[in-house]
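Take a look at these structures.
Same chain, two partners: chain A is paired with chain B first, then with chain C.
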Partner chain A sequence: MSSISQNAPGKVALLMGNEAIARGALEAGVKVCAAYPGNPSSEIIGTLAGVADEMGLHVEWSVNEKVALEVAAAASLAGLRGLCAMKQNGLNVASDFLLNLNLTGTRGGLVVVVADDPAGVSSSNEEDSRIFAKLGDLPLLEPATIQEAKEMTREAFSLSEKLGLPVMIRSVTRVSHARGNVSLDELPQSGPKPGFDLSQPRCAFPALPNHRLLHERFQRAKEMSEESPFNFYRGPERPDLVVITSGSGYLYSLEAAINLKIEERVGILKLGMTWPLPEAFVLGYLREAGNFLFIEEVDPFLENNVKELFAQNCFDIGVKRFHGKADGMVPDVGELNPEIVTAAMENLLNVRHLPRPENYSRIAREAAAGLVPARALGFCAGCPHRATYWAIKLALALDGRNGFVLGDIGCYSLGMGPSGFAQMKTLHAMGSGVGLACGFGQLERFGLEQPVVAVCGDSTFYHAAIPALINARYNGANFLLLLLDNNATAMTGFQPHPGTGLTATGDKTPVIDLRAICEVFGASVEVVDPFDVESTVEMILRMIRTEKGVHPVRNPNCCNLELSETSNQKMEKGEIISNGVKVLILRRECALVSAKRQKKLFRIEVDQERCLGEACGCNRLCTRIFKCPGLMWDQATGRARIDEAICTGCGVCTEICPASAIRKEAA
Partner chain B sequence: MFLPKDPFNVIIGGVGGQGNVLASQILGETLVAQGYVITIGETYGASQRGGSVMSHLRISAKNPFSPLIPEGQGDLLVALEPVEGLRILAPYGNPNIMTLLNTRPIHPIEVISGDADYPEVSKVIATIKDLSSRIWTLNATEIALEMGDSIFSNIVMLGALSSIQVLPIDRQTFQSVIKELLPSRTIEENMSAFDRGRAEVEEVTKNKPVSSRGGGEN
Partner chain C sequence: MSRGLKGLEEKVFQKDLCIACGACLSLCPYLRTWRGRVVKLHDCGLEEGRCFAYCPRTEVDQGALQRKAHGKGYNDVGIGPVRKILMARARDPIWRKKAQSGGVVSALIDYALKKKAIDAAILTLRDTDLLPKGRMVRNREDIFNCAGSNYISGPTLEALHKGPWQGEERIGAVGLPCQALALAKMRTAPVEKKGSIDKVNLVIGLFCTWSLEYEKLMVFLKKRLGEGCIEKMDITPPPERLFKIKMADGLHSLPVDEIRPFIRNGCRACFDMTAEFSDISVGTVEGIEGWSTVILRSDTGENLFIKAEGEGMIESQPLPEDHLNHLKEASLLKKGRGLDFLREKGLMDS
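Now for the complex of A and B:
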């Protein structure tokens, strides 16, 4: 039994930050939880989904973050406690609703957890979501430890109910994806019965009185911020330096002070409720000390807010020195780490810490620089996306008109790199490839000759691409949409989505079929298996032809692929799929999902006699160009071979070898 | 067994897909079961897509520490892949660090494509040995493949870790932890992977150089 759902007060469990947030919500008696998956937030709802049945919750993967927030808010408006989780980009999607919900207020506790990804390790940006709390006058909590992640989540529900406002919790990767000991508390046994209070409509309009009411609530939040147990000071009475920090910065600061042996000189003002700023509490320390360092991820949120407070009070408290992102003491982009914090303290207090002998550092770094090869991210062995991008590359090369691929967010974003043969040329928000294609698809009349291709994953399609597809059909945009259907939200941990026939809690639900959706909007739709490389190339070629004159295949001999007679004839005769938006669904399950269920499809072997190595003339197509990690280049023999520890047996490489040296047999 | 120092800092490193994160979770749970305060920092996102992956474990008798180990302060390195071990020693190593190494390489795309070379494994081991106070090796991937699936290599490594007597990991606690974390049908195979690792790990000393079995292949 998972410790998440154990009613065992005092028990200590090793929890991931996201699990601790889930546990905090359970201890608060949450009833409705909704999210769209996004790293580093995904495990919050994943964990709650796993215990939903035994705990009597409704937990769902919603189609996108805005709908997720609306679902959780409905619980709140009916008097139940609701939780919505998302990553930083997700808050942009949900913000339209959030910035009206603050005006109508909430009833049952509503907690919005946003897990930010400093440095954008698995994101397209590293935006700091805290600015939304300020924008919407919403209370904001920032956990610093795993234990605190649980405590804060539980308290956030009470705070929300006292204020009648949604409460934001801003986590970061180093909290959400860290693990630590968590002491569990009691789980509540019962909850209220839901009902919508007809005497209290929730309409944001008219804005003015609601805005006034919001400010009244915000004033009460300020009082609560002053009393919050999550704000505290740790350090000497007369510090030479006060570090003002929140979230992951707290433990870095604490450890840096210990390692530098300056605990007697440095005070740490750790803020947990960071908006509204606990002004009186912070002012007390501003008065007493002269030197301040801000340690926070990503933007100077505390830094600017405290400086505002200082400006308002400087006449009374005198001149102060502030260090942080503004003066370059701390980098203004990227993730914090112990070295950044240590270096800032060293600079400000003129101390030095040598964690290891300098000659060891030098030798170790030189040895690594000389011997260790780079290791870029790439598609997994057996990933259908590699086959898809291979087919795109061949089709666009054969076509010869410089067609280009507009992309968006998912594992297939790696299509911009070597693993996807650098085919993907744009990357912005969820669904943006299709939206951009709506625009590029109108430019033919101005002389654009290049074929326009968009790629979009299955889960992303439901999340954000459907309006763009409708727009394409409505306004007559001309492009090919490739739907990369791997039957999972693979990038975030294989969560189900409306096309999988399963809910977050594993219950069966009707499949909302990709093909049917596209057809109902009038798009021409075809389906192929990307592992069938030849058919995929032909289909892409046919679908990027347009009515405006037949474009012959300009580079028929540019790659090692013979198009079938019929397909070539059809194209020569101009028999093409009509203009407008065309959809090709590339359907093949994520290799990691299939590996959980079944063993390898094929046993793959490189025939060492048939492989001609560098003498072949193929320029080592399999390894130098195709680059599947399941292949190896054997330096000693000068031949390709299979790495049996990595190969998943998809068999795609057998189709690309011009010497037919790579062979597959049923495993 | 007492901690040699507090916090005691362990880094488990390897390549996405090798089970790095699961290994750190199992190790963490095993230590929490014995009363330690653990903080683990993990690299996600890239973890299943062939990039370098690292988990940091801070083991303390009393306090949580930050999920990232400060540079130069690793105490034990568990490397699931040779060059990944060396990659980690560059920032985190120090003359006292101990290393447990899986000698089986996984070639990066850069090596597969011919844009970079994979160094000779014996040279990597010798370099790691020079940078460590002690080093133990085994070919955990080969053992796992002999068992039928490379997926067991992380558990083979945890078995090896239990036998080198640096951390208090006993077989029984390990077994109860994996019963909580892994599907029940896999427990028996995972326990034999653990036992193979325990049996086959060898310390590389001045008198006893890298064995052919431990030397891996390149």
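Now for the complex of A and C:
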């Protein structure tokens, strides 16, 4: 039994922030949990899915965040407690529903956990999701420690029920992914029976009375904010500087003050319930001190809200100094850390403390250089996406019309860089490559001559690309959609999705077939294995060459593709793939998933006699351009070699060696 | 300046001078052909390369190359070195029927293979899609499949690099003037690793005024003539000068001027109509149907022709004087046009 589901009040467990959030939800008696995976939020639902059976929960990976929130909200409207988790981008997707749900209100506790990714380490963007709480007049909690992550989550459910509103919890990477000791509380043994109250319809329309009601609830939330145990002050009575902080900023500020030995001079006003702002509580400190520093990750949310409060009260409390992102005292993009906070405090209080030498980071880098080899951001060894982008590169080069690839976020976003041969040229939201292709695919009439290609992963397809594909078909957009079907939500940790035949809790469920979906919209669909590079190149070329005038006679010798019967017949008649949206499914399981399930496909070896080294004339194509990490250039022998520890045996590199020196044998 | 792929890209591809002869293909993984074009796939990074050295559209001193290839330079710039010039045709009607004029090339390759003067030949095959590609042949049936022309050029020489060769084969190559020039450049190039050129002991060159670009022509023909399948294409001699296209629904004729826009740009930079770097050059005889003009240029060429005629494979006649004059005139005109083009485009290196 994992400590997550242990009913052991008082026991201390070492938990990851996201596990603590999951535990908090269990202590609150949550019944329905839903999410679409996204770093750094994914482990919340992953953890709950692991104990779903034993705890009697419904836990699901929903198709996208909006649906996930709707699923969790349904539990709430039926009187149960529901939790929905997502990353910052997910809230954008879910926001349309959220900003209607705030008008209808909720019943059972509903908690929306949003884990932001400051610096966009594993995201397409950097975004501060807290603004949505302000937008929707919703209570907002920001945990600063792992213990608090658990406590706040549990309390958020009661808060939600008291107010009849969804409550937002905003975590950040360093809270969600850090580990700490958490003291456990009791797990409830029973819950209410669900039912929809027919006397309480939940319609956002008419908006005016509902908006008025929302503001009344918000007033009550303000009162609760003043009383919240998550807001506190720590420091001297007459501080030279007050740090106003939330979330990860609290421990950074504490560490900086301790290191600088200025705890007697610096006060820390730590806010846990940051919206609605506990105005009276904050005003007390605004009145007493003169110098304020805001430490918070991503946007100046507290900074602006407190300044608003100050503006409203300045006549009474007099002139103050505010430091933070607005005056450049703290960077306005990226993650914070104790060094940044230390620097700001040193600056403002004119103190100097060098816990380590000034050139420490250079010395550390130099010391580590020999230990850690420099590694470029790239696809794993044997990743099907490398083969896919290789085929795309070849096909677009052969076609010769400067075709370009529109993408979105997923492992395949690495197609922007050298690992994907810089083929992917746009990256925005989930499914946006397909949406942009709907637009680019209309520009031929204005003279656009470049072929338009979109890429989209399988999980992303279910999440956000289906409406775009329908739009393409409906409005006659002309492009090729490459569906990179690796049978996994790989980037976020191999969560199952509707194409895998498994649910979050590991139960079997019907496979929603990608091909069938595309065909039902009337798109021309073909399927290839990207490891068969030459067939993939040939197929991409065939599908982007749609201009009238290519000679109709099919050359049976030019490729060995097994086309579907209809395609074959259409090809014979010379009518294959007229203008419109075409879909090519590149089907090959994620190498990391395969590796867990089966042995290597092939044993790969570089024939040291056949590899001609520098004399080949290939100028190290395998390690210089193809760059699979399973291939290495042996400086001593001047020949290519396979790194057997890394090679997954996909065999793609055997196709690219001009000397046929890379050989594969059945493993 | 790069004398590798980068140089080739700048001097040939970007100036649209590539005629897709195939000399640079299958030597490395950086170049590939598709639908009659040669395409750079990746940046190679080497400062020197065979691609640049073998290309008939990179710098060449034709006189020096002639001296190296034939032991002497030009004495008559009209049609290159000549031992003997005559008109000939294959005796076996099987060659005459499929070939463009007298079937001499097919008959000579067939004879050379039979007599083991060569073990294999590099010819040009046109599949049902009409796209020319190099083919290594070792027997009659394959020769037959490769006979004939359609005025579309393609990467024949790729087959020489591709092989596969087993060891000590001797190879005969049949190609356009640009391809004969590329073979001569391969033979004389100061590069360390040559490929299969040392195996080539017979070059038969084909007369050529220009050739057509596959993709553009096909788009045009489909628009002009519809969807049908093209079986054969030919150009009739002056004064008629018609481009004839045989399709399932009958024979279509277009004035040659209509297809001129699809002449390869690289052909406009060419000085050579009669394949001056070959052992034997063969072309049509204008106005005399079923016969080929044959220029014997080297010992190899002359010996092969005499033996083949002696054994009754081919028959010959003297080429009428006015035809010879006309040939020289046409050849000189092409040289003049080539020079004008280079001057106009500022492509002369000196």
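By our rule, the second predicted complex is superposed on the first by the 620 of 667 C-alpha atoms of A that agree within 3 Å, B and C clash if a C-alpha of one lies under 4 Å from a C-alpha of the other, contacts with A are read in each partner's own complex, and residues count from 1 in each chain.
Rule of thumb we're sticking to: contacts are C-beta pairs under 8 Å (C-beta built on N, C-alpha and C of every residue); 3 or more make two chains touch, one makes a residue touch a chain.
Fair warning: this is a prediction, and the values are worked out from it, not measured in the lab.
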Original post:
Of the partners chain B and chain C, which touch A:Thr648 in the superposed model: first, second, both, neither?
Top reply: neither
Original post:
Is A:Ile146 in contact with chain B, with chain C, with both, or with neither (first, second, both, neither)?
Top reply: first
**OP:** Between chain B and chain C, point out the one touching more chain A residues.
**Re:** B
**OP:** Classify the contacts of A:Asn231 with the two partner chains as first (chain B alone), second (chain C alone), both, or neither.
**Re:** neither
**OP:** Considering only touches as defined above, state whether A:Met632 meets chain B (first), chain C (second), both or neither.
**Re:** first
Original post:
Should A:Glu255 be classified as contacting the first partner (chain B), the second (chain C), both, or neither?
Top reply: first
Original post:
For A:Pro658, is the partner it touches chain B (first), chain C (second), both, or none of the two (neither)?
Top reply: second
**OP:** For chain A, give the residues common to its interface with chain B and its interface with chain C.
**Re:** 624-625
**OP:** Enumerate the contact residues on chain A facing chain C in the complex.
**Re:** 393-394, 397-400, 541, 547-558, 574, 615, 617-619, 621, 624-625, 656-658
**OP:** Could you please specify the touching residues of chain B with respect to chain A in the complex?
**Re:** 15-17, 24-25, 28-29, 32, 37-46, 48-52, 64-73, 83-84, 86-87, 89-91, 93-95, 104, 106-114, 116-119, 123-124, 127, 130-131, 141, 144-145, 150, 153, 218
**OP:** Mind listing the chain A positions that touch chain B in their complex?
**Re:** 12-14, 39-40, 117, 121-122, 145-147, 173-174, 177-181, 248, 251-252, 254-256, 259, 337-339, 342, 355-357, 360-361, 363-365, 367-369, 371-380, 411, 414, 418-419, 592, 620, 623-625, 627-629, 631-633, 635, 643-646
**OP:** Sort out for me which residues of chain C touch chain A in the complex.
**Re:** 27-30, 32, 34-35, 37, 39-42, 44-46, 49-50, 127-131, 193, 215, 218-223, 227, 229-230
